[in-house]
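In this document, chain identifiers A, B and C correspond to the written order of the chains, with residue numbering beginning at 1 in each.
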């Protein structure tokens, strides 16, 4: 059933990564991505791999779920790897057939790129989506973007929209399920037929869904007004973001990561790109 | 002497649709609700009872007559500050439990109102906890709203209103989409808010079994007040209520039907215990 | 005669995951042809799941659903044909309306059946009349109707398929007393004139007592009680044990019996109570 789709895929837990401030995690994730692009040698990629595995261990998220996050990207990873293999020119030829030349440098580059993409995705999910509730993430983004308010960027409104979207996505998924069942009960067929027939069969789902979404939006706007909502001006917040011990741990991790990568690049430059 | 909280004098409201056709939803309605009272507004769908709710919270403004709520006069030219002053005093719980919860965590949703009022954080924390305890949802404070049952969602919505500490709460068909358990839950909470906190309650409904729980019932029909009195007074006129599309409690209905069959009773109770006693009296009198 | 039968049906949601929960456990049930059957039970007792079994929206993990003696899952490709024979009106069905006119919306089901145009027109008009959709409503947009009117249009949309079994999940939810009565009387007339069997889920014991021939009480994914009104309402204690009750008037009758009145306990409607009491008290019963 569609309602099984969980949004944000948050894994509840109590690890350092779970307890860290969302702002710190956002900055950490951003930093992690940049540093990943500094990695040049086999040793530094190896270090990045170890570091990321350690992060998974700290988070307590089951390894299987991490694999699941990478799975949808397998095609993209393979595709870029193939492009890299065929397109990179180098000195040492491994294989030659008509116009196809494969160089050792190409294979190494392709491998490094693949590892980089995988680590990028795993790092992001571990630091952010798997260990941060969507609402904390929204709060973090809002807080980090706060300075933009000075130049009239509607940061609060953006965050409010995100929150409402997250609140209503499960409701709308459930509703879609219900409407589909109702139309199936009237003999609707969503599985068979050509593209046009399939597109047409969506109308009896989409129209009721739109109608009810508008009604919901209308109701919600009135309810929010009745609860004295007047935009971000003069609002206080129940939850204040506060940096703590866990954020220091995150800071240390970031320092270790960048130092490790740079040292490996410098002292163990074997097989580098 | 109780102080009036809501005063409506010749209150009218006329809708004008896109074609310019006017419909009178409320026609010259006059009534008063005192502070601390628990009043049910009973009427069938389209009777004008929901229009009344929307006027009390300045979602609509009167097109005729006058309406004063908590000392604020409601009219079309109110400033935004005036409007929000009314909404501070009058909380509202709506029909669809799904369409009034804003946040993805229960306690954050309850905090939404106080946050809007700019209340300091420590006090919000206290109010949220108290409100959730009052409605018995404290254990669910970290749950996601979409995982709750309809009745639980509605209790969260009530907590969200209590946390704003209004003087009056309007329940606009808040039980219509709930199952019997959810309805009983919400009704118990309404009673509690009135009994324990002295909050003025206006409960808009078409269920007569809920209306009988109020201190007073205003029956609305066709935009006019059809009856205004205690439940016992209102349900005396079984025939009239049926004519305006409403039910009466089965005990009262039975006594009325028996009276049509020639057996007259000298009282018109609505609860089954008193109805049974009256019938037994008649039976014993006849036996002797 | 049995029209629909559930035989040892089991169903679990999210089977094999930590969220798994049993919705139906060993359900055996026979629905009698031409009667109005009421299903009672708390939210989450499995009744909505059972309704989805009746017309093949859900497939049982094990067990059989027999329509007129034939297993509906014998040929899974033909399951949509079962849905035309067992019409299901879901809760708040007004949310399924989508077409430009009421007429076109009611015709959606019959059109999916592949009927010819003349037959569709005939069925739409017949269904509209049963469901209380007036002729002037047919050419209006369903979105400009009132809530109660939309509900009736949605019910007509299922009736137009002329199912042998019409199943309705809380058809009167949220409607006012007049709206409720209109719906129930319409269903009763449909059942009598078309000979179809009707299955209704409702929380109102008073409505159940007024309209249903047989009652099924569900609790905790199982059938808790089943039988005639007398068999189910006769055991008020058993109903009370799971937080359900009997009609108000039946409670009143119990009080009268406790008070020493020789009145039959099997009274579930105000009309029956009136007749019995007038006899005892010597009133004029006409």
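Please note the rule applied: a contact is a pair of C-beta atoms (placed from the backbone, for glycine too) under 8 Å apart; a residue touches a chain by one contact, two chains touch by 3 or more.
Everything numeric here is computed off the predicted structure, so don't read it as measured data.
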Worksheet, complete the sentence: Between A-B and A-C, more contacting C-beta pairs sit at A-B
Practice prompt. Quick one: point me to the chain whose Cα centre is farthest from that of chain B.
Written response: A
Response to the item:
CA centroids of chain B and chain C: separation to the nearest Å works out as 30
Worksheet item: Where the centres are mean C-alpha positions, what is the separation of chain A from chain C, in Å?
Response: 46
Item to complete: Note the residues in chain B that touch 2 or more other chains, in rising order.
Response: none
Worksheet entry | chain C to chain B touching residues, read off their complex | 42-44, 146-148, 173-179, 203, 206, 243, 247-249, 251-252, 255-256, 259-261, 270-271, 273-274, 277-278, 280-285
Worksheet item: In the complex of these two chains, what residues of chain B are touching chain A?
Response: 57, 59, 80, 84, 87-88, 91-92, 94, 96, 98-105, 107-108, 111-121, 124-125, 128, 144-146, 160-161, 164
Practice prompt. Report the residues of chain A in contact with chain B in the complex, numbered from low to high.
Written response: 133-135, 163-164, 166-167, 170-171, 174, 215-216, 219-220, 222-230, 234-240
Discussion item. Which residues of chain B touch chain C once you look at their complex with the stated criterion?
Written reply: 44-46, 149-150, 176-177, 179-182, 206, 208, 245-247, 249-251, 253-254, 257-258, 261-263, 272-273, 275-277, 279-280, 282-283, 286
Discussion item. Per the contact definition, I'd like the list of chain A residues that touch chain C in the complex.
Written reply: 1, 4, 175, 178-179, 181-189, 203-204, 207-208, 211-212
